[in-house]
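Heads up: the structure comes next, in structure tokens.
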Amino acid sequence: MNLAPYRKKSPWILHYNAGGCNGCDIEILACLSPKYDIERFGMINTGNPKQSDILLVTGPVTKRSRERLVEIYAQMPEPKVVISCGACASTGGVFRGMYNCEGGVDQFIPVDVYVCGCGTRPEQIIDGVVQALAILEKKTKGLEESVKLKKEAVKEGHQLNRRHIADEIKPVLT
Amino acid sequence: MKDVLIPVLLILLAPLLGGLLYGFERIVKARMQRRIGPPLLQPFYDFLKLADKRRMMVHSTHAFLGIMHFVSLWFALAVLLLGGDLVLVIFLHLLSTSLLILAGYSTRSVFSHLGANRAAISVLAYEPVLIIIAVSIFMLNGTFDTAAVFTGKEPLLYKMPLAFIALLLVLPIKLKKSPFDVAEAHQEITGGVELEFSGLFYEAVYTARWLDYIFCYTLVFLFAGSNILLGIGLVVFTFIYLNALDNSTARVSYKQMLRFSLGVAGTLAFINLLINSFS
Amino acid sequence: MYSFITGLFLLPLIVSGLLLVLPGKISKRIVILASSLLAALALYIFIYTTAPLYVKIPGYVNEAVAGADILLLVYFGWVALRKKSWLVGILTVLQLGGLLYLLKALPESHSVQFMVDKLSAFMFLLINVISGIIALFSLRYIEEEDCSAFRKKYFLSILFWFIGVMNLLVSSDNLEYFFLFFELTTLASFLLIGFRKDAVSVKNALTALWMNQVGGLAILATIFFIAYNGYGEATFSTLLAHTADKGILLPLALLAVAAISKGAQLSFSKWLLGAMVAPTPVSALLHSSTMVKIAPFIILRLSPALKDTPVAMVLIGLTGFVFIAAAIGALAQDNLKRILAHSTIALLALMIMMGAMGTPVTIVAALVLILFHGISKCMLFLNAGVLERVFHLKETSDMDRLGESGPFTSLVITLGFMSLLLPPFGAFIGKWLSIETLGALATDKKILGALVMVAVAGGGAVLSLLYFKVMGGLISRTGEQDRIRFERTGPFYSVTIYILLGLVLAGIIGLPLLLTHYFAPVAAQTLGQPVPVITEGWNMYVGSMRLPIVPLLVAFFLLPVTIITALFIRFRRVDRASEYMCGEKLNYSFSSFYFSTDRATPYFYAAGILFLITLLLVALI
Amino acid sequence: MKKIETNLADLKKDIGAFYKPELHHFIVMNAVQCGDKMEVQWFFNDYAYPGETTCFYALISPEEEVPGMKDIVASAWVAEAELVDLMNIKVENTMKGFVLEPDFESGPLLKKK
Amino acid sequence: MGRQYEIPVGAQHISLLEPLHFKFTTENEKIIRTDANVYYVHRGIEQACCSKFKFRQVSFVVGRVCGLCSISHTTAYSQVAEKLLKLDIPKRAKYLRMLVIELDRIHSHLLCLSHVAENSGFEALFMKTMQYREFSMELLEAVCGNRIQYDFSIVGGVARDLKPETGQLILQRLKNFMPQLEELVGIYQHNRTLSLKNKGVGVLSKDDALRLNVVGPFARAAGLAVDVRNETEDLLPWKEVGFEMITDTAGDVHARNMIRLREIYISIRIIQNIINGLPESALLTETKAFPDGEATVRLEAPRGELFYYAKGNKTQVLERLKIKAPTFSNVAGMVHAFTGNEYGSAAAIIASYDPCLSCTAR
């Protein structure tokens, strides 16, 4: 039985602020509110990586949050998509090149949807999520290769020990 | 034939009914919060999606206990619907809860542990009340068998209104509804014992919640005896009451919950027990 | 049959003597041989006893018994002098005075002194099988004890002596004999509790001594009142023959006091809690098969007479209170042995309550509880010993790593606690039968029944919280360890625990059989009325209570099988993820809820004393 | 803004004499590079209207250890810990690593020569 | 292991908007010690402002210090730059700055209140508050052109003018909002379970507030009358537009909720006064000078006193810029006020501080 079509009917989101200015975070919160009501799409803000499908990351990745970002990414079971919300999560934005910023979520984990804006609007976030759902349907269940993870892509059906993925993060000095 | 067929059908369809009930409840809740809410079949979409996830767990003991929680809860529900002994049903339910609590304890995860601690406290809060209610029922019927309640002439509600109120007061604890959802407490311990489950293993715990709905509403239905109309009325009333309560209260602390449940609900059930023993 | 019973009486005593003189190597074999022989004898007697067997004893033995009594009391007096314990002194003087008066005033008895009926045979089974296992366990345990070689032999010797005395005690009909053996068990426990000879041990041993002496005094008073009322000889049979008489209430109440003191109910609970200082096999012995089980035994013996008397009502009230008080007290404990001790007190209360109610179902419930509580508690205590010796753990809060270092021990302790709490274990069946019968009591006795009902429901919930707390610490381990390897603890430790585990699990499957063929006849003979146990399709009826077999059998697969499978199962092709710690990778310290009941304890004791006074007052009026 | 000069030896005495919890509140501690020297500043403000900002400052060389203010101003530890990491000065009883990861170069706010 | 239980909250936790890490050491879920790590968001803005960006660009950078109170940051920076340039700005610009600051305060306070409700386990109230909050976001969009990150203040004045019809729209929406605000006050004040969760929880006494130098609603709830709007008038004429100090005495979460709700009334009054009495003048004062000397500026952000220190050296790039955010002053008080509370209330207490760590860490 092909269950892939049901993935997009029940996307549970996890939100992580990797060092942003809060602007996008409150807009994510606003998405939950009655005006935008993201639960229409079956979304729940789980707050728990182990039961989430979509990771919403905001903010340029600061040095202190980079390992936490990879850790919670590793704790999410595939298939999963990552949405970088806002300019700084996508590229580093105005913070790019600052001494404590790594600049952009895609430096660490594979990102599927980039949502623009500073700060990004709820409509844009919802649009990004809907685009992510289309990607989610096509995803495989293997772990994806990434810039800093230094992990080979893992095929479906093989056992993977995720316990030490974040240990392999090496600091990048700019 | 009919006596057996309906319970068996109910038992087999329990997850389905529970899922529908849960989906409907999510809509009602959303409407109460002036939102549109998810579609009615949302729980089943969740179910199918969870089955599709890559499998992941902390360790095998933990995952296995979660599955057995679902199995044993279904079994407890079956015994209840087939007219089994009420005290035995309560203890079987305790057994299934205890498997989940043990699963919570079995990992070295802080929130899972905390959730298990709180779930154990919740057991302390509602179990004595349920047992007292069961004994009150025994006094009226002379037997603990729920079959006798389902076939009884007069609805229990007329004889034990206080016990019914006590049941209503402890149901939010069992169903993890505000104000007594300390065991789940999303903002505090992110789901408690459910936290470490994922994918297919979480599915077992997630579906067990649907069974818990059926279990609790069957307990409510007991108070109507053989009067099906009254039973449906009670269930609808309880449904509305639970959702209204959920939407108008904040979560209290576990100490306040324990004090309230044992103090108020326990006293009500006890008074009802005394009344029953004197009448 | 006579010879078998005599063997059961004399074998432990002979072994006890031999162990003192023979060298260590041979004594090991003797212990193994004697334990298995005793178990076999007890099993044989239990299976083949039908009608009560009366044993007459020649007159000169009576003299010897009287002499032994006096010797024993003199020894107590000497202990009182040496340890400067005025309580023991006063009680000894009182006892000695009473005994001498009775010896002088009472006529020489010539009737039966021993009566072996099914209840005694049931107790034989419990005493000899469980104590034998404990003796095997002690062989290894005592080797690691820090004391002289003679003291080690002495320890085993007292153990067997204790078994012998218990065997005699549960079969004596004559109250004078009963008094002697009662006091001899007191002496044995006094010696065992004080075995380590440090200040705390000596103090707690003295506490045990004087508290149990109160019970002895109560027995002496019983004998006096039986004579005073002119019922004839002071035997249990006499008491049961005069059930209709009103004057019997006082002797009954006094014997109940004796039972309460032995059974460590409030406010005598201190001695059992203090007994923790002794080597762990002693605790196992005291809690599971001997000593405290005298309490439900006395009540069961008297249950036909006790039934529906005011004394029984007070007793039910007291035990209901003790059940919840002990459960709450247990919640505040951290030491594993103290937790076990509190739960023993709570369950003993339940057994005494069931005995005092005296209906067929309750007697069956009491028997089930006595047997399965004995097995489970013995297993738990022996594991506590293993923890102490192998893992050097005593506090439950230190045991959070046990699931990693000692998975087998943690599994067994988990199962042991579950067996006290959940379906389908034997102890649960006993508890369940009690709740069901309490419902009937509440219909019958209104307020008392309702109150006791609440106490049992509340106490049960508190106990389940406690067991969760302990099990939670035991079962936890990190995700790093997915494969379980059982630890090795040594042959004597593991074999005994395997046997007990087997007994616990066999109890689940064999329970229907045991109920129909063994428990029901025992209860029938004890009560003097038939106890119907009918199997009908998938249901079993004990009296009016229905035991559905299917749910229990399924529950058997759900719980013990689940717990054991959960440890061994390994899911393949499933990813291992780390625990969710908010993305952090720090180590956090764990604990559980704790509770303090220091403030409530004095009130509990005061309430216990109040109940005791009520008990005597009710009997007098 | 009122600026009062002080030195490391008199610092605690001066601030202790000035700071009354019910009259002033501590705002922040700051450091500015002045050539080879470092100007360390402590800002206080009145609760009254119009509130005036008072700034104590001391010129130190980068190796010198600045006395901690924690016993006079209970909430000063946050500001001290931050300055230690960002400006690479030494403050009594304050460890590095509160603001920055251990692997980072010290004193990122210092102007590079 | 003993009786102590260490509970982490953060970096990622559902009750937190921002990454911060609390380690609560608890006994029976009662907090006995709190360790806080608030520097997850440290990005290095101060250094960038003094090296990468010219002083006129900095006002857009400091706006990104915090998304919730970006107008306070840009305004405070503009003011400190104007002080360095010795610039006087038009009165209409001052009024417009106050208007946006107060609108921002309304949205920030409502967000904080809804977050407290959510973390107290009162989901319906969270939804309700968020729903009512949307009007302020729409108004801000109408005034500044963006829902968050307004970039409204620039050095020398403001970037956009307020059209009269927008002013009328604001007045209309505020009038519609009043009954909704009454409803919220009723719920926050009287809901029984919410008071169980909030009353007497997370208490900071007045003495501690003085000792630990806390600011903003956190301090005002403890009875400490500290509000920059009450202390200075040289830069923004607060008293002219009807500012009023609000304090409470209880110092608990409930008091902080009430302070925020009552401040919304004051903000509404200020906004109405500003729109009704908006002076006509230019929006911007131009200058070609470079910043020189040092200056400090204090401004009341929604969370309390915002402090800017700047030093110029007659070049395009500043010598030093120091930002002291309100939460920076509150960290010591925050860590202090957890002790003795239930862990179950911790999330609600955190939300009631309304911590703004992205400003604190910069």
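So that you can tell them apart, the chains are marked A, B, C, D and E in the order they are listed, and the count of residues begins at 1 in each.
The rule is simple: a contact is a pair of C-beta atoms (placed from the backbone, for glycine too) under 8 Å apart; a residue touches a chain by one contact, two chains touch by 3 or more.
Since we're looking at a predicted model, the values are computed, not measured.
The minimal number of chain-to-chain contact steps leading from chain C to chain D is 2. Following the contact convention of this document, C, E is the list of chains adjacent to both chain A and chain B. Relative to the centroid of all protein Cα atoms, the closest per-chain Cα centroid is that of B. Between the chains B-C lie more C-beta contact pairs than between any other two chains.
Chain centre most remote from that of chain C: D (centre = mean of CA atoms).
Ranked by separation of Cα centres from chain B, the top chain is D.
If you average the CA atoms of chain B and of chain D, the two centres end up 58 Å from each other. Distance between chain C and chain E, defined via averaged C-alpha coordinates, is recorded as 67 Å. Per-chain CA centroids place chain B at a distance of 37 Å from chain C. Chain D and chain E have Cα centroids lying 24 Å from one another.
Residue positions of chain E touching 2 or more other chains: 5-8, 11-15, 29, 39, 42, 44, 47, 127, 131. Counting partner chains per residue, chain D shows two or more touched chains at residues 100, 108.
Among the residues of chain B, those in touch with two or more other chains are 33-35, 54-56, 110-111, 113, 186, 190, 195-196, 198.
Contact annotation for chain pairs lists A-B, A-C, A-D, A-E, B-C, B-E, C-E, D-E, with touch applied as defined.
Across the complex, chain E meets chain C through its residues 1-13, 21, 23, 27-29. The touching residues of chain A, counted against chain B in their complex, run 3-4, 6-7, 9-10, 12, 34, 37, 39-42, 46-48, 50-51, 53, 77-79, 141, 156, 162. Within the complex formed with chain E, the residues of chain D that make contact are 1, 21-22, 25-28, 30, 32-33, 41, 43, 45-51, 53, 55, 73-75, 77-79, 86, 98-100, 108-109, 111.
Those residues of chain C that touch chain A in the complex are listed here as 479-480, 572-578, 580, 582-585. Across the complex, chain E is touched by residues 32-35, 110-111, 113-114, 178-179, 181-182, 185-188, 190, 246-256 of chain B.
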